[in-house]
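Going by the order they are written in, the chains are A, B, C and D; count residues from 1 in each one.
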Amino acid sequence: MKLDVLYFAWIRERIGEPREEIETGAETVRDLVSQLVARGERYEAALSEVKSYRVAVDQELVDFDHRLDHAREVAFFPPMTGG
Amino acid sequence: MKLDVLYFAWIRERIGEPREEIETGAETVRDLVSQLVARGERYEAALSEVKSYRVAVDQELVDFDHRLDHAREVAFFPPMTGG
Amino acid sequence: MLIRIQPAPFELAALLDGFGAGAGAIVTFSGIVRDDTGQMVALELEHYPGMTEKSVTAIAEQAQARWNLTDLAVIHRYGRLSVGEAIMCVATAARHRAEAFEAAEYLMDYLKSRAPFWKREIGPDGPGDWVEAKAADEDALNRWD
Amino acid sequence: MLIRIQPAPFELAALLDGFGAGAGAIVTFSGIVRDDTGQMVALELEHYPGMTEKSVTAIAEQAQARWNLTDLAVIHRYGRLSVGEAIMCVATAARHRAEAFEAAEYLMDYLKSRAPFWKREIGPDGPGDWVEAKAADEDALNRWD
């Protein structure tokens, strides 16, 4: 399956790009994170500490056990600081 | 002692005037209320139910036991409805 | 700190011009004449000249003592106000939102039950009932004890 | 209901023109860029185009479901905002003040921690630290459970 993966704020900076298309067999967000972290240093620096960031699948906040069955867009970002 | 006595809202309407000067020997607000109520129907209709209104002495809210020693102005009015 | 007791209308925008420099959070509350019955054309607000400004100032000073506000304003009108007109407003400015919200609610709770204003409904045939104070408004003060 | 996510400045006065017809109470909150350190010249707000409007709308709809509001507005900016500029505002209109205040605080609590915005401080030498989310802001959501 092909996923659009988006990065924001310091996660974007650590990975070095705002989005990429990823070919994956990941069943859950957690699987996708493992696959990304295995890509090397930049991804490890951005995504290894799962408590430091949030995930949205198709623009809805989800937890790490969320299934990616029909997902098209996954976004990783720090806790929000709006308002 | 001479006091300026002021009436507001429905108390003013029942008594029929907004203010009057009253010569009194009342020691407390409660004494003054008794003296006023004894003046007749209009005052009774306005002031006999002490739970239905408030009192200010020299423009500060007080309770009925408040002493009138150096008082100059006493006001009777319903519970406020500002805001 | 700005306190105004006046019959004239006011503009919230004008009040906020330059208000609360250095604040991170500004809260405003506006009270509007509301027609609940479909029978009201205006409110008549009576007040106690002399005591009104004094008590509103005292309420504002209590709020300033309690929260760290960078600015505070209260405008309260009296006289005849048509349905839809603004009766009053408060504005609070603080570094953080919780302070600004709490101070504005505190001001409203006290202005409602401790500032010497009395409202009467004016219907198509003239003056109607005096608005009665609500037990809920008196109770609201307890949360600040 | 008005929701706007935009880089451009906004005027609270323009927002309030005609806002909340029939309401007795209007509350507004404005968030302003604050310089706590004396070293900040601006904030840069990044957001998640697509998700932002969706999540702000969902938050606003939750507030409307929970309180009886006659009107509601949220404007939230993104991009570079100088110290002293308004970042965002909410406005709520209701019959009574408690509803308007609660709904405004609810909106703020959720916008703060659930709308996809991220702030970074810009100093005289360029981009500085990302603003960290506060535990207190996350905790503030619990009061609405």
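Basically, contacts are C-beta pairs under 8 Å (C-beta built on N, C-alpha and C of every residue); 3 or more make two chains touch, one makes a residue touch a chain.
Remember, predicted model here, so these are calculated numbers, not experimental data.
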| item | value |
| --- | --- |
| Both-way neighbours, i.e. chains that touch chain D and touch chain B | C |
| Distance between chain centroids, defined by C-alpha means - chain B, chain C (Å) | 26 |
| Chain A and chain C: spacing of chain centres that average the CA atoms, whole Å | 49 |
| Centre-of-Cα separation between chain B and chain A, whole angstrom | 72 |
| Touching two or more other chains - residue numbers and ranges from chain C | 31, 97, 108 |
| In chain B, residues with contacts to at least two other chains | 83 |
| Touch relationships between chains, expressed as pairs | A-D, B-C, C-D |
| Of all residues in chain B, those that touch chain C in their complex | 6, 8-10, 56, 59, 61, 75, 77-83 |
| Complex interface listing, chain C residues touching chain D | 11-13, 16, 20-34, 36, 84, 95, 97-98, 100-101, 104-105, 108, 140 |
| Chain D to chain A touching residues, read off their complex | 31, 46, 48, 50-51, 54-55, 76, 87-88, 108, 111-120, 130-133, 138 |
